[in-house]
Amino acid sequence: MLNIAVIGCGYWGPNLIRNFNELDNVRLSVVSDLRSDRLRLMQKKYPGVDVTLDHNEVLNNPEIDAVALATPVDTHFELASIAIKNGKSVFIEKPLTASVTEAEELIELSQKYDKTLMVGHTFVYTGAVQRIKRLIDDGTLGDIYFFDSVRINLGLFRPTVNVLWDLAPHDLSIMDFLLEGEPEYVSAIGVSHFNTGIENIAYISVYYPNNVLGHVHVNWLAPVKLRKVLISGSKKMVVYDDVEPDEKVKVYDKGIFLDDNPDNTYQKMVGYRIGDMYAPKLDGTEALRFECAHFVDCVRDNKTPLTGGEAGLRVVRILEAAQMSLNNNNQKVDIRCSKKLPTMSRLEKTVESSTLSTSMAAL
Amino acid sequence: MLNIAVIGCGYWGPNLIRNFNELDNVRLSVVSDLRSDRLRLMQKKYPGVDVTLDHNEVLNNPEIDAVALATPVDTHFELASIAIKNGKSVFIEKPLTASVTEAEELIELSQKYDKTLMVGHTFVYTGAVQRIKRLIDDGTLGDIYFFDSVRINLGLFRPTVNVLWDLAPHDLSIMDFLLEGEPEYVSAIGVSHFNTGIENIAYISVYYPNNVLGHVHVNWLAPVKLRKVLISGSKKMVVYDDVEPDEKVKVYDKGIFLDDNPDNTYQKMVGYRIGDMYAPKLDGTEALRFECAHFVDCVRDNKTPLTGGEAGLRVVRILEAAQMSLNNNNQKVDIRCSKKLPTMSRLEKTVESSTLSTSMAAL
Amino acid sequence: MLNIAVIGCGYWGPNLIRNFNELDNVRLSVVSDLRSDRLRLMQKKYPGVDVTLDHNEVLNNPEIDAVALATPVDTHFELASIAIKNGKSVFIEKPLTASVTEAEELIELSQKYDKTLMVGHTFVYTGAVQRIKRLIDDGTLGDIYFFDSVRINLGLFRPTVNVLWDLAPHDLSIMDFLLEGEPEYVSAIGVSHFNTGIENIAYISVYYPNNVLGHVHVNWLAPVKLRKVLISGSKKMVVYDDVEPDEKVKVYDKGIFLDDNPDNTYQKMVGYRIGDMYAPKLDGTEALRFECAHFVDCVRDNKTPLTGGEAGLRVVRILEAAQMSLNNNNQKVDIRCSKKLPTMSRLEKTVESSTLSTSMAAL
Amino acid sequence: MLNIAVIGCGYWGPNLIRNFNELDNVRLSVVSDLRSDRLRLMQKKYPGVDVTLDHNEVLNNPEIDAVALATPVDTHFELASIAIKNGKSVFIEKPLTASVTEAEELIELSQKYDKTLMVGHTFVYTGAVQRIKRLIDDGTLGDIYFFDSVRINLGLFRPTVNVLWDLAPHDLSIMDFLLEGEPEYVSAIGVSHFNTGIENIAYISVYYPNNVLGHVHVNWLAPVKLRKVLISGSKKMVVYDDVEPDEKVKVYDKGIFLDDNPDNTYQKMVGYRIGDMYAPKLDGTEALRFECAHFVDCVRDNKTPLTGGEAGLRVVRILEAAQMSLNNNNQKVDIRCSKKLPTMSRLEKTVESSTLSTSMAAL
């Protein structure tokens, strides 16, 4: 029986609490928040769970095996560091940390203390993204040309983060999971209206090797809710529309073909091909349930999570570079120099991925 | 009776030919193209029209009052210059020219010879864009925050232009018509796959004064056809979806409001408001018909066109700057210095706009 | 404090339990079901609630003020009769009863014992249907021409009821709430595949006075989920699409106009008009919450429910006649002769409606 | 070179004229209409074609090989009879005739004079319907359970026909082409608003053997344009949405399965299955082009058309029975007794169908 505590009962914490509470062989023992009204609400719903206004009670409690953080990003590093040093595994809501330095340090700490460090890149655990990953891994899509993600809505302004740090982690974590290779450059633009100094619109470009371009549009000021990812490959193309109730993923048998005959004029050399479309049936289980169960598995069996500290770091690296570009006339930021991680990380990810697929299928 | 000639019978030319042919008090007298098979096709459809393989016959023909060019962009300047010098008014398909310098020179020529110069910014003449313009002009939308346009499809690669020069003129001409003020900076990114050196994906950002951001995504490699414009204002927000058969324009009573009470925490200071949505009935007449009729009106009555040389120049200026940014690590390009045009141009545009509305309503 | 018991914890019962449990001034004291596993599940979620396998314990418990039934339709009459005779108010999931005779007897019983009898016509309590009702009542739609409802899906076959009795109560209760006047005739067709003798497709026609036609298509064998209501009036027309996440109700300024000039040919006498469309903002509160709160209000203050026994009877009358037509070569069934209810019922309904709107607004 | 004349230049005639004019080895020689302004319009567009106000000039002209009728339905029989007797093949816009008797007589005439008689069931020649036909013929869909078609819009009222005779021929001709076996019973309901005595809403049910149900909803008073066909089979289900610009046909791997284990309760005996969906690529050629070319082929080579007189008769038989039911309290009308046609007709149709597929592929 694993003892888990959740710190933070705001917007997202209650979802973690609900899922950890429903897992077998797990005891959700303590919930912590700075607001007593939030705690009262949790206590009413889960009478068996302890609550506390002081998160140090959680961090210092030797009976807690693992801590899940659903707190503002600027608190992640401190809370997680103490937890790890106190011998606890840690699950952190995305983004992992507020800076690359913090993320790198957390990863080192987790390795030193041999504790599981996992980031809540929840979309990676959806049936949709898992299915697309398989379409890429088995070669169905062919070589990837671009990844374009739009995530816009009339969204609540937040006091401590801009739209880049608030929404883009979703898209960047999906992109990080799907695309091969490490991105090389990042550029971004953004605008802050209302004199708040907090950007409410941002466009982020991420350059991967081999001319693969990633692009993300996040926006708190849009009249309609769009959550649409386009991925074009040399063999097939995918549209992933998360707002659709059914048929979230559509695979198009469309493509560009090149005619290598050197005698042809240019116009004859590039043509396009249009065939059937199909929408694969997707696993409809709540992604967060998979994610929480996967965290518990990793803690118990000391496995590397599918979205471990390194995945969290890769996303934070893009966010940090995007913010830098945004502050400097959109100039491209080179993120190649900052690579310190072993090149094995990618390989592990792929292996882990197939393991997860099995465990997801078994659930 | 106005004598009009059309040069270029490729993809778009036949549409101009069909429309000019149907107008009253206009005689479509000559059609020219370098390909005899295209001319035969036109001759079969319009037995009364002369055809020629030599456009100089058109340009030197004193009986021709006006020439419409539907030829590749790199021919626009030369053909138009000769036509104007030979005393003809000129209608040019977008983009007006291949460079700012050419555009400025054409405008000067047209003023010197007192001939009408008009660019085919066809979307400006749609019921949808005209309706949105009115929503902005009458204050319904309030202050504009951003303009975001996506125009993607699996498109035919073109030998001489990239996707920026091929598709973006549509979006930029709509944006230029709708937004007040002159843009100050432009940045762009793009990628060329297939070793053609011709970009097939591009993202263009245009910075207007007062934090108004314009953004355009054009793409020849997308599996689905999207033609969607989002415009957010302080009072209402608009979605213009050109792929929708009905209800192309939707006006959302949504917005952000600010609470000025300094005692409130930030979180309480920004809230949002959601009300009804409505889709105004739009004039369904073919935009090109209005455009051609407007050109004829302007030639006959010596009026300034709604999309005259200056509108064409403004779009070319953004295209040229975007290409420069795209070639230089996405860096912002300052386009303020290049302004030579009288500030009256805006005023004229607005006046002209209401005139057109009247004439459109009268048609 | 009102003591409420729920009998039946299958598919729908847990929703009633959840809502009654969250209401103020209400105590959900007992839950009953024939299956002990369902009871265990409820006990885990609601530790303070008693459970019992024997519904008689509920019906005979003098401390219970009101009983909500979420049991198969053929048990409604017996359970409700006993409850009323034992001095309890009763809430019954739709359809009210399995026959007109049963419904009429229940109404009499509830009047004799002066107890609240309410039927769970939940759609009536949605923001969408309430909004359409107001559009009709305030004359926005004008005279109603027809009501067409499609409710199809790949649905689970049920052992005791056909698709008519399973799905059509939703549509018929919406229609009953919106249309004025008592229906006069009913006809229906249906098909049973799979040799089950249980119809899985049905089309029901309901004839109201003044040529107003109601039509319902229910289907368990459809590949896609459709829940679409069309209502055309002389002034405006409405589409209510319950599958849409936003903009469920669209109001079209469309219509037919008649030219009374007798000199005109027929073709000129009927024309159509197309104007703007708008989608009103709807109250997004869960309809079931309103419904449960309304039941509690009616019990406490001895008020007539918006969907009382008579509304339930009107729907059962149509269902019974539809089944009769379905069994007899689709022939029209006259349901005028069976009218026994006082003509005041309509009036009360309208009055009650505005009361509800107020209380819905106040919640 | 085949000489063809078109009688009727109203709404649809010009489409026939345009298509016959574009075919090779065909000479569109004469166009006839009672309105001189319609003839002037045609003459302007097709200067080489003769026009006449007197259709007898067409019918008596020995140089005309075939006549296409796009005139009101009540003129079909008379015009076609004369044409056939004068040795001409005849193409008739749907519905073939105004009554079963007329249709039967025309078929006899065409056989006696050995002339081609074809009806304009245009939807049969669309890529969508041809594709669905193949899905049925190759067993992909399995046994068909039902066919449901909705064709509604705000439509122009017509002076001489009701919505049943105006719109339903489209749906009935698609159904006739796709479903095997002869229908046995028909019932229909309808309403006439506006005191015109002309129904503007109709629901038609057609009973095929083996519990296969066809249903058609046609409506001139609907606020939105719907053109949707649902077909459920034992293996797969199809949605054909003609309003969709792309992906008009979607094939769902969904179905009901039966568990034959007699020990199971009913509820376990019927379950459902959900798999992938796919949208096959469709031939996008204009259906009318295929249809006109097919007519010319049949005339020249003396072949039986895919939509010959018998297909036209089958549709008229349903229309006539539906009108009878509509006038008689929706009672089922037995149309089995009226069958006079040789049972070979079905076989021929299937054979012809595959031939057409080949010729369509070859075009």
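Going in written order, the chains are labelled A, B, C and D, and every chain counts its residues from 1.
By our rule, contacts are C-beta pairs under 8 Å (C-beta built on N, C-alpha and C of every residue); 3 or more make two chains touch, one makes a residue touch a chain.
All values derive from a computational prediction rather than experimental measurement.
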Chains touching both chain C and chain D: A, B
Chain whose mean Cα position lies farthest from chain B: C
Distance from the mean Cα position of chain D to that of chain A, given in whole angstrom: 53
Where chain A and chain C are represented by their mean Cα positions, the distance between them in whole Å: 43
Set of chain B residues in contact with two or more other chains: 224, 274
Residues of chain C that touch chain A when the two form their complex: 47, 225, 243, 245-246
Chain B-touching residues of chain A, taken from the complex the two chains share: 145-146, 148, 150, 152, 154, 156-159, 187, 189, 191-194, 196, 201, 203, 205, 211, 213, 215, 217, 219, 221-224, 230, 232, 237-239, 250, 252, 254, 256, 258, 265-267, 270-272, 274, 329-332
Of chain D, residues touching chain A in the complex: 247, 253, 274-281
